[in-house]
Structure formats: structure tokens, C-alpha cells
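Heads up, the next two complexes both have subunit A, just with different partners, subunit B and then subunit C.
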Partner chain A sequence: MSRLLRASTLIGQPVVTLQGESPLEIKDVVFDTGEGAILGFTLRNHGFLGGPVRRGLAWGDVHGLGPDAVVITDASVLSTDNAPATSGGDVIGDRVITQGGTDLGEVVEVVVSTGADADVVGFEIKPSESFGGRGDHNIFIPLPDTMAISGENVIVPDNAADYVRDDLTGFGGAVDDFRAQLGEDS
Partner chain B sequence: MILILAIVVVILLVVAAVLVVLQRRRRSGGVVASRGGGSSS
Partner chain C sequence: MRWTAILGHSVVDTKTAETVGTIDALVADPDASQVVAFLVAGRAVSWSDAGGIGSDALTLSDGNREGDLLHPPSSDLELRAVAGAGDPLGKRVITELGHEIGSIEDLEVDAETGAIGQLILADDQIKGSRLIGIGSFAVMISSPSRARTGDADGADADADGLDSLSRAELYELAQERDVVGRSSMSKEELIEALS
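Then we have the complex of A and B:
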């Protein structure tokens, strides 16, 4: 059973071991630009004075992911070897542009589907004026299995705009329909 | 004397504000893309 969540809700969550210790907390959520899979997390120390650490947490070592904490078996899984590479930069603020050249808007949030695996399945965007943007009303746009992210722009198929939703309710279905449509077209 | 103390206080406040901003920026998180996937090791 998968569920959708906003990636930023994971930032700042404590990493808790099954023994109840909380050595670190989540700093960045890292995903693969090719397939959208969540690779893991970079970490930081607790508290305002706590800075980032070199140790990381791979998605495969996550024991449980809840609304208030990321649970791991024990602190030994937090290592520099597990730190995911962060070569592409933060996608928040990137522009979403269709293959036909229409600017759909600006990424304000990343939607993640979590279950046994975790994948980026869509973006919450602040729509551009040319895409009907009005005020602070954001919309959700699905992403294909394989995405193209340059560091400043995200390129999506033209028909992604047909599967836009106003909220997360029913967005999972829109993602499935969109990807099924892409499968039929290819 | 009071003027010197006031200047010192202002300088300290500016330095503290800069340190707070730098630390907030250092701690801020994001949703980061990783080209090519895998870990850094």
C-alpha cells in the first residue's frame, strides 16, 4: 500500500533507531533524476547549532517512515558510504516546461509515493500566468517514469498538463492514468 | 564613552545577525536531484 506525501515534510524529521536513540535528523531528500527513485537522505545534527554531517542514510536502510520520524534498525547504517550523491541541486524553484515549449510553472514541492520503494511521482507547482496561474493557488502535475531535469528546468510531455489536479486527493490515480497513457503512446 | 559602547553593541548585533543567517542557510534542507543515481562512495 503506497501513500503520497510532500517531500519537504521529511526534512527535519528525526532519524530514530529501534533502540529509541535519535542521533541525527533529515537534511535533504535525494532522488535519482533518471527514474525518480528516492536514493536516500543527507543528514544534520539536531538543534539550531547542529550543522550537516557527512554521514547519510540510504533508502534501503529505512526501516519505517512515519509522519513524525524516520526509523532505522541501528545507527551503524548511518555512514559516509551511504551518503547519496547530490550532484544535481535542489529542484525547488525549477521551471516545469513541456516538450512543446510551454512554461507550466515553478516547482514549490515534490510529491513522493512511498511504500516498499519510494519514487518522485509529481510536483506541486505555482502555475505560470500562461497556464492559468492566479494568486497562490498551486496545482499538482504528474511526472513520467523517466524524467529530464537540467538543474534549472524540468521537461515534461505535453499531455502532462491534461492530468493536473488541484490537490493530492486523487492525484495518485492521475499519475497512474498519465503513465498508462505514455505507455500506450510509446 | 557611551558612543563607543553603542558602536560596539551595534557591531556585535550585526555579527550575530550574520552568523544566524549563515547557520540557517547551512542547516536548510531541500529535495535534491542526483544525476546518475547511486551513492557517493
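Then we have the complex of A and C:
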């Protein structure tokens, strides 16, 4: 498992070409609420007052996703044609519910793996009281490759609760173990 | 020879013994990891025409007339250098996987061939062959995993390949894979953890 990041930390990161130019920066992360995947990014000009632009970056055009930059092969992939629809909705605030019907908590952050094959691997959630919630202490829950997501709820397998971690350190291993477990079951 | 030491070299026409200018900028081709030309007083001279650089001066010689060797900047790389876009000094260094690992302090350039042997950072050296791009925002380098295996994921490379990497490169790989405790590991421990 590669290094993990909270998706919101990508906001403001430079989009850098392999030629070393940075035409724009990340304005927002666009999720596909149907698939639980990241569709891509909306973009803005550099700087605090940088205005939004119509051009977007599709997830499939990302060459490398790291903690310091989103790398693309060249600026031609930044086109209005590729702009992800911003009406895709937001998983932040969704309830995470197991297939068995337990409410685990509320999504506060999306966790992505970095590198050349970046992926949504988990959620940071504010745990429900029934799931040991103590108010201010968030937990991390791994996600399967595909899951059902609506504008209100995310459905996860029952055993996802067994792979919860308190922080991002070691969470990558928990995701790997969880997904390996799912693979054996199916 | 260091990139910064080449800057400011006198350019001397050996036929007339006149100094025709000083080297104002170097023109690098990142794809080839090679210095390909110099800018001298608004004009360009290609490395192949100059035939290497001396320790104190760039000499234009062997019957070549100055007027033939110094040409108006014409190639894309030369024009970028005129605009200041191709200068790597001081630029941040970013890997193709989005890790910023420092900034360029200098470059080691082979005085005969112009090959860029090393990128020199404050506390690290990176093989010149990993150079991908020199832009106005950053100097881009390939990931050590890709540079070694030549394929997209590189995660299954064998331990033999790891042995050939420096500790700094191994540390970069450990960052990519989020190896716990990497900062206190020796080179051998990093190889063990990455194998």
C-alpha cells in the first residue's frame, strides 16, 4: 500500500506537468457518489485569490498523485471536455452503514492512496455512539473496491468494522488486509 | 564540472584571440540529460560545435569562424533558455509521483560531452539520467521505482535492483510505499523493508 492522504489535502496542490510547468492548482475534489471513486478535480489559477477556470482534470489523466503535487503528462489533458461534473454530490456527511444495519458513523474525510495507481481506500468517520464514539476522536474505516453510495448513506460489508484504525499510520495495512479478506470470501 | 562554474566562462575565438563574450546561460535537454548549448550575449552556440569546455574558457577553434558558430537562438530549447524557463538552479525538484524532495543547488556536467551526471541538492544527489523536465515551476525527475524497472507500477522489482540504489533513492521508495519507521533505517534495513 502506498502512502495515504486525506483527499482535502489535495486542494490547493499544484498541478504539474512532466515538463515542470504548473498551469493551475486543485480547486476541489469531485467524487462519483454512485461508485465511491474520485471522478477528477476542478481547477483554479494559482494563489489564494486564484479564480476558478472551466478546465478540469479527469482522474484517469493523473500521472502521479503525491503529497506535494498532482502530476500530469502535459497540459493538453486539462480541457473543458475533461472537466468532471461538479453536480456529482458529496460523500462528506453521509452515514456509513453496514450491510447488517449498524450505523458506524458520519463521513468527515475521504482517504486516498497515492502513487501511479491512486484510489479511494477509506473514510475518516466520526463514529456513532453505538460504535464507541467519544465525540471528538475520529476513526478510519477501509472500503471495498466497489460499494453502494447514495447522497445519504454508504453501505459497507459488516467486517469493515473489524479493520478500523485510530490514525492513518498503519491504516494502509488494514485496507490491504480488509480487501484480501473480501477477496477470499467471494 | 559544476553548472555554476561554467556560467561566466569567457568565450574566446582562438583564431583572433578575441573574447567574444561570456556564457550567460546553459541550455539543457532534459530528455537526453545533456547540456546542448550555451547562450553568449544573446546568441547561442551548440555544445557539439564548441567541442567541450575548458576549465576557464570556452574556445571556438579549428578554423571555425565565430560568425558560423554563434547563431541566433532558434531551437525550442534555446528559445526557452532565452526566456529563462530552462534554468534549473534553485528550482524545486518533484518526482513524477508528486513528491517534492528538495531544490537544485547545482548540476555536475561532463566537460567533454555535456552529459548531466548528477543533480545536486542540499543534502542529496540524484542521477542525471532521472531528469524528465526543467520547467518554470519545477525540475521533474522519474520515480526511482520507474527508473529502475521501466514499467508503470514497479512494485514487484527484485532485491537486486534495490542494491543499486542510493540510500536517498531507497528512502524515496519508502516514502512512496509509506514504510513505517523509514527515517531511522539504514540502507540495508530499507532494502529489507522494500524487498
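Criterion: the second predicted complex is superposed on the first by the 141 of 186 C-alpha atoms of A that agree within 3 Å, B and C clash if a C-alpha of one lies under 4 Å from a C-alpha of the other, contacts with A are read in each partner's own complex, and residues count from 1 in each chain.
To be clear about the criterion, a contact is a pair of C-beta atoms (placed from the backbone, for glycine too) under 8 Å apart; a residue touches a chain by one contact, two chains touch by 3 or more.
As the structure is a computational prediction, the values presented were derived from the model and not from experiment.
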| item | value |
| --- | --- |
| Partner chain in contact with A:T169 - subunit B first, subunit C second, else both or neither | second |
| Which superposed partner A:G105 touches (first subunit B, second subunit C, both, neither) | neither |
| Subunit B or subunit C, by number of subunit A residues touched | B |
| Touched partner set for A:P67, first subunit B, second subunit C, both or neither | second |
| Subunit B versus subunit C as contact partner of A:P142, first or second or both or neither | neither |
| Which superposed partner A:P157 touches (first subunit B, second subunit C, both, neither) | neither |
| Which of subunit B and subunit C A:E21 touches, first, second, both or neither | second |
| Partner chain in contact with A:T114 - subunit B first, subunit C second, else both or neither | second |
| In the complex with subunit B, residue positions of subunit A that touch it | 7-8, 11-12, 26-35, 37, 39-40, 42, 44, 48-52, 56, 58, 80-92, 110, 149, 151 |
| Partner subunit A, residues of subunit B touching it in the complex | 23, 26-27, 29-41 |
| Contact footprint of subunit C on subunit A as seen in their complex | 1-4, 14, 16-22, 63-71, 114-117, 169-170, 172 |
| Residues of subunit C defined as touching subunit A within the complex | 30, 91, 94-100, 132-140, 143, 146, 152-153, 175-178, 180 |
